[in-house]
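Here it is, the structure in full.
Here the chain labels run A, B, C, D and E in written order, and each chain numbers its own residues starting at 1.
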Amino acid sequence: MKSYAAYLIRRFGQFVLVVFIGMNIAYIVTHATPIDPVEQSIAAATAFGSTSPEAIGLMRESLRELYGLKGTAWEQYIGFWKRVVTLDFGPSLSAFPTPVSSLIWRALPWTAGLLLVSTTITWVLGNLLGGLAGYLRDNRTLRVTGLLVMGFHPIPYYIVALLILIVFGYVWPVLPITGGAQMNLARGWNLDFVASVVKHSVLPVLSLVLVGLGGWFMGMRSLVSNIVSEDYVVYAELGGVPQSRILRSYVMRNALVPQVTGLAMSLGGIFNGAIITEQVFGYPGIGALLIDAVHAGDYSLVLGLTSVSIVAVSLSVLLIDMLYPLLDPRVKVS
Amino acid sequence: MTSLLELRNVVRTYAKGGLFGRSARAVDDVSFSVGGSGPEILAIIGESGSGKTTLARMILGTVRASGGSIRFKDMDLADIKGRGQRMDFMRQVQPIFQNPFEAFNPLKRLDRYLFMTARHFAGARDDTAAEAASDAALRKVGLSLAEVKGRFPHEMSGGQLQRVAIARALIASPLLLVADEPVSMVDASLRTAIVNLFRKLRDEMGVSIIYITHDLATAYSISDRVVIMRRGVVVEAGDARATLDNPQHPYSIELKNAVLSPDTGP
Amino acid sequence: MWKILRDLLKHNRGFAVGVFLLGFVVVIGALSFVSPYSPIDSYVVAPDMPPGWPHVLGTTSRGQDVFWLLTFAIRNTLAFGMLVAVISRLLSLTIGLVAGYAGGWVDRVLMSVNDTFIVIPLFPILVLFYFVMRDKMSWAALAGVMACLGWAYDARLIRAVAMSLRTREFTETSIFSGMSMPQILVKEHLPYVMPIVFSTTMNNINWSIGLEVTLSVLGFTDINTPTIGSMIYWANQHTAMVAGVWWWIAFPVALVVMTFIGLFLLAVSMNEFIDPRSRLGRGTP
Amino acid sequence: QELISNVPRKETLIVENPEGTIKNAGWFNIWAINAGGQSTGLHQLAMDAFWYIDPERGIDGVWDNSLASDKPIYNKDFTEMTVKLRKGIFWSDGVEFTAADVVYTVQTHLDTKGLRWSAPIQVNVASISAPDPYTVVFKLKKPNSRFHALFTVRWNAMWMMPKHVFEKAGDPLKFAFNPPVSLGAYTLNSFDPNGKWFIWQKREDWKRTTLARFGEPGPKYVAYVDAGPPDKRVIAQMNHQLDIIHDTSPEGMFTMAKQAKFSHGWFSGFPYAHPDPTLAAVIFNTQNEYLKNRDVRWALALLVDIKAVSMASYRGAATISAIGVPPTGTHPEYYHGPIEPWLKTFEIDTGKRKIKPYDPSIGKQVTDMLRPTLGDQIPTKPEEVAKAFGMGWWKPDPQAATELLERAGFKKVGAQWMTPDGKPFSVKITVEGESRPVMTRAGSMVAQQWRQFGIDSGTVVAQGTLADRRAAGDFDAIISWSVETWGGHPDLSYFLDSWHSQFVAPPGQPQPPRNWQRWTNPELDKIIEQVRGVGFDDPKGVELGRDYVKLAVREMPSIPLMSYNVFTVMDDTYWTGYPNAATAPYTDPVPNWANTKYMMVKLKPKQ
Amino acid sequence: MTPVVAVNQLRAYYQTQQFGVQRDVRAVDDVSLQVMPNEIYGLAGESSCGKSTLIKTIAGAIRPPLTVQGGSVVFNFAGQSLDLYKAGPQALQSIRWKHLSYVMQGSMGVLNPVRRVRHSFIDFAFRHIGQPMPAFMETVTQHLARVKLGPEVLQAFPHELSGGMRQRLAIALATVCKPELIIADEPTTALDVIVQKSVLGMIREVQRELGSSLIFVTHDMAVHAHLCDRLGVMYAGRLIEEGATKDVFSRPRHPYTTHLIASLPRIGKTASIKALEGAPPNLADPPKGCRFHPRCPLAMDVCRQQVPAFAEVAPGHRVACFAVNPVAVE
């Protein structure tokens, strides 16, 4: 047990280091962009109006002060870390003075929900089909399924999403094609709202699953075709262990070990959002926030989003590393 | 004349993990020497996990000793630095491993290792020279290049592989062979052949051999001296025949009694 | 080498189909060199013509011939995918193999870098790079950036294999055959990770093509260079999907799918070639 | 299931909000810069200002006194402006709107830095006072004959704050104003915290708002929604889930015209689109070493084939303009028409000869080009052609361009033009990419034409960075609009004032908006200074405006292309009475304009 | 008495096809043997002579590239006879583990690495034993005690156990259903001498107790001497001598066996033992005639031309050598 504790401490140290480096990279890159949030704000505020040039000068001055962009680069950097350790990313520059964190928390549940569901479905289904296809190589239905799955995989996601939208939104309009829930429905844990959320998520989830299935499918299939020639599988077959059991407990169980790592990483990736899904299906979430923030030069928000994402991915990798010994008893913690 | 190889109070510990660096001694205060009076075969005998392989690896320089010193031809192995010195050492000390199936890359042809060794350690400059050197070495172990060339390890049986492994080591004309259970995967007649081969190597080519084995019978038949290990510690050492004929330590006695003799029926 | 290829072609249906598909795609790409139209000019032919003669795959709403435009697009997209894959493979192979073989502090340093790259969210960084580089963000630069972001996960996979290879006895045999570290890594360990490299290459090409399309759809790439992504971008700009100009989208997509399946089949059959154990399994009833 | 819960579809108008998703949806304080959405219905339905000038004809003339009961009253030297307020106007929470609100609004802007109109108020206003509850008097720091423009809605203007709400709110920069207290005929019903939709509801007491003068607003509810990518907007309207598409691609428009019988645009037939009073142009960076030279600019202009640009950008559905005034609203009457005779005689000297570059028949040529495919839809009457497609333009003349470039010291080496110092002549056109697809297409076509002539050209997509690059002068040429006008009113000061050389920044420094061409000209300065001295409605202003047009033609600081046409598509399934060019040009249909409020009183439910 | 298994003229080749070039490795060529109930049959022979292949063929563990070319393997379990290569997969499935179990060569890796040992027992044996789970576990525990393993190993993961323990587990797993026939391929090779001795003792004990038959493969003649009732010696894919273990050791007839027995090292024996000259034949291209003739000290002309018959030369003792019995295979 002691060695496990030592492992945890070491692993946690690594996690801190990785997050630190990652956030620094994000900081440097965001601050290297040529976009000036003040100019963006001025451009947006004056896009349709007529404002005298003198007034613009004044505006620029006061915005610079308001957004706290006055200090030296070093002061700003220190300020960033001071805020980060208190879990605050400061006010958004393009939605001043709303805190970045409240913008993120407002969008996050949607993205997280959508991606959690679709990633899980994709993972389970992909691994199941991949495992079966790898084990029962000669099965016709599985071959056809595999072909379909592989056929969808390379189609650019945007196209798949749009096709689904056209099919289910126009040709055969059975499902809502926009938004996270019905407009003007009271939010809360009531049946109506939940049903509406589920209904609205069907098409986005479907599109994500269709495109994502291939990756897991292929990975699992090749893993399985390696595992079937392992001694313990051969031996179980010779021992007359039923096929379904071999598939489940011997083949899949062993192949799952690496796949779970992949799952952890893609779950962490939830915090990147699904930008195109959000765009096509008008689904609320982090991705749209990110694109908007980038366009508006709102580096507070971009940094906030990026940081959350870095922490989330590192954390899920950390978690999976900690749980790995449970999953694969062979793994030694040292 | 100084010994070819000299181990003094060699210790090797492995961390067992933990905050406070608990460690286990795989090899504990082992001293012996090889080749003090000309080429000899030294057998190291001991149960599984007694530290034989660890010892072999230390002698080969692939594992560092945690304590004590290992000197080869008056040079401390810890002082070997740089590829040049290392290559020079490897030319003189070659290993033979326990598991012939594992000794070669299953994805590569066997002859590759022979040719590489010939080029690096036997001064072969071109393919013909390398092939000649390889063939010569293979013939010493009862094979020929024609049988090996172009074949993959999985196309050979364990015995064949082990002989190829020995042939490969021989190409370098080493002074010392470290053979870690070289015959445990090999059939009796082949075992004899290999053991005879060792004897021949010692007698005719002046190669000293550290012969690690469970097999007391072959150890008895070819080795000059024997070291019996248990849990990292040398429990008994001395002249091979004398020691095995009349073991003193209880463990040595138990070991001897466990040896099956073809003469005792079921 | 040629003999192997010929034999593979003769005896491995998957390989043959893969070669055929990729060959087809490459030929299409090569035809760009004899295109009668410049890919960056618009209104050179009548717009919105459905597939037929003389415009086999129809024309776009921008007055471009879809077929000839596609030749440029697939050429650039393929080159892009390959570039990303090659650079990122080199990175992941070098780092993965060295880290796994060397172990110790080398491993720790490399893996810390690696973990950081795994954890950095790809999309924000890519988009930010686009803004930093602005019009210097040619497709080659984008490929460079994507390669730098796309190696880390695979390097980890490779390192895991390399670590177990390090403890195999044959590595020791190689060392004692006088091979140097690069020799061992390249000649002994590389073949073991080749299956991973092949399958990840395919994934990587697919990933980079997909990402290029995604970025293009969002308008974050150099839309002047004809690629599959920029074709879709322009089609999208002209609401080609609802305007019924399906050929503007369908053909590029079909070509991407063909490329992908071709690469997939190649990867699978190459795997079989590399691993003699599975090769032995062939040909028996 | 209903599209919107608890709101009958029949009583609801669904409008696209082109701002898309509002990331900070719960923020309705429109006086704070960029904090929340604006075109969410907030400034269309809940805000009000002194005056509105309509880009089209207006319900009751172009000028509408909204909160003010009369036009602005200036003193002689334009240092004081008095405004009379309408009586009986109430905030949605029942408090009456009075001069106190105006004084509060202006004073807050004077006292606070960083509010949206702080800067112009602080630059202009010395003090404000309210002699009685329905009169306010502005004392200005210096003479300004256009000061009222700040309070006059063109797209937006300085909106009035409810004193009784803001007073209690503390820092006006940090106050969300949620729920907003409305001065318009609608009040907020509900909104999506994720910024996808906003639903407004007609006030019970709509009669106590300025809009009541024109009758009762039709829709009981108005929903502003994020409608997604272009394809999806089209689908949404074909499903009758989106009554007004803000803008779609030309192809989207044509599809709708063909397939959706209830959908229509501003023009009932081709070119459908509403021309905004905004002039899309190829704006040169006149601080660029080579583009400083008028001959070079003219040479580049003479290489543009506007017919091809019109086809490439709008598939021919463009309203072209040869001069620096958008061909929309009342401008053709004041500028394009009267100036045409001068244009016909206008000559440029290529150094070898004099040419007359103007071709009055280009508009007609565009229609001739379109007629074979579109047939009857294309008008034949010259007035209609002029109105929908524009009048004349510059005839492509590569020979003249060659002569001009040669005069400027350029040389053609092989297929490539070289600058006087021997480098390849390169002019890249910066475009905005997907956010302005049509302009991006126009830029690609112009670049192609230059390229075919031997100039190294192409487009540079500056999506997201356009504002920065445009302000910093980080471009050779850019497709944008430095000319924007009232549309309905001939006064040009809306953009022209900022073209004065006093505002031009040195190269590399951010340039205040509008004069992105960074063009300075003493003659222009003189015109601008004269405009500042005449009243808003003074006919002399139009004279001066024409002087500017002629100067700009001679100098060609930017190549005028066409008005910014917006393909606003309206669906008649639930509502009728939308504005249109033929029978109801009472306002601009483009729904992000604050003027959209006038549409509400004209819309009637379809039986 | 009917044999538990009768192998008749069995031929099994490794057929490799590399891009159209076919190569047959004749690892088992024309082998016939019988194993009686309650008998331990030892199979000896140098490495790569085809012992494992023969065992696999008998156990029905055929995977490409190994293919059975001819001959039959007939089992007689509980009075029912079953031809391995004629019976359907269903029938095979039903005899596996209940009547026939198999310990693979290198059986260290046969346990599922990610599951506890308990599960392997359940997967392999639960169906056959027909007891409710607690009783079944009790049976397993008792059986484990026979191989000197405590019940705690059931809760362990394979990697937590030492090589000797895993080997014993494999044996326990193969014997728990009390099958009539156990086929074991070098189950003690990887063990050190002390452990090996105890494992062998245990195998013997269990076999006696269950009354099963055992086919036991190893190249270690000493092990055979200790364990087997009858011994078959293979050379290059063929059986060349078969007889009661004592007979074979005391009076080997075939020159190869003779050499084998003579060359066994013994403690106390110091004289250099002569190794057999030459190399084992390449099974892909075996020598014509008697496969041993290139290395045989007694080789005659007929040996180079014809294949000697595997015939009885004394009761229960069969040999294939012209020097002993000049009959050829027709």
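Assume a contact is a pair of C-beta atoms (placed from the backbone, for glycine too) under 8 Å apart; a residue touches a chain by one contact, two chains touch by 3 or more.
Keep in mind the model is a prediction, meaning the values are calculated, not measured.
J.: Keeping to the contact definition above, tell me which chains border both chain C and chain D.
T.: Looking at chain D and chain C together, the chains touching each of them are A.
J.: Using the touch rule from the top, work out which pair, B-E or B-C, shares more C-beta pairs.
T.: So, comparing the two chain pairs, more contacts are at B-E.
J.: Report, in whole Å, the distance between the mean C-alpha point of chain A and the mean C-alpha point of chain E.
T.: The answer is 56 Å.
J.: Let me have the rounded angstrom distance from the C-alpha centre of chain D over to the C-alpha centre of chain E, please.
T.: Centre-to-centre distance between chain D and chain E: 92 Å.
J.: Could you please state the distance in Å, as a whole number, between where the Cα atoms of chain C are centred and where those of chain E are centred?
T.: The mean C-alpha positions of chain C and chain E differ by 51 Å.
J.: Roughly how far is chain A from chain D, going centre to centre by Cα mean, in whole Å?
T.: 39
J.: Which positions in chain C are in touch with at least two other chains?
T.: Correct list: 131, 134, 218, 236, 241-242, 277, 280.
J.: Which parts of chain A, given as residue numbers and ranges, touch two or more other chains?
T.: Residues 34-35, 162, 166, 279, 294 of chain A each touch two or more of the other chains.
J.: For chain D, write out the residues touching at least two other chains, lowest number first.
T.: 229, 231, 235, 463-465
J.: Given the complex with chain D, which residues does chain A contribute to the contact?
T.: 34-36, 39-46, 48-60, 62-63, 65-66, 92, 94-98, 103, 106-107, 110, 162, 165-166, 169-170, 173, 177-180, 182-187, 192, 279-282, 284, 288-289, 292-297
J.: How about chain B: which of its residues touch chain E in the complex?
T.: 47-49, 142-144, 147, 156-160, 184-193, 195-196, 199, 214-218, 220-221, 241, 244-245, 254-256, 258-266
J.: Going by the contact rule set out above, which residues of chain C touch chain B in the complex?
T.: So the residues of chain C touching chain B come out as 168-170, 172-180, 187-188, 191-192, 274-277, 280.
J.: Which residues, counting only chain A, touch chain E once they are in their complex?
T.: Interface residues on the chain A side: 230-232, 234-236, 238-241, 245, 249-250, 253-254, 257, 327-330.
J.: Could you please specify the touching residues of chain E with respect to chain B in the complex?
T.: Checking each residue of chain E against chain B gives 45-48, 162-164, 189-197, 200, 204, 219-223, 225-229, 245-246, 249, 259-261, 263-270, 272-276, 278-280, 282.
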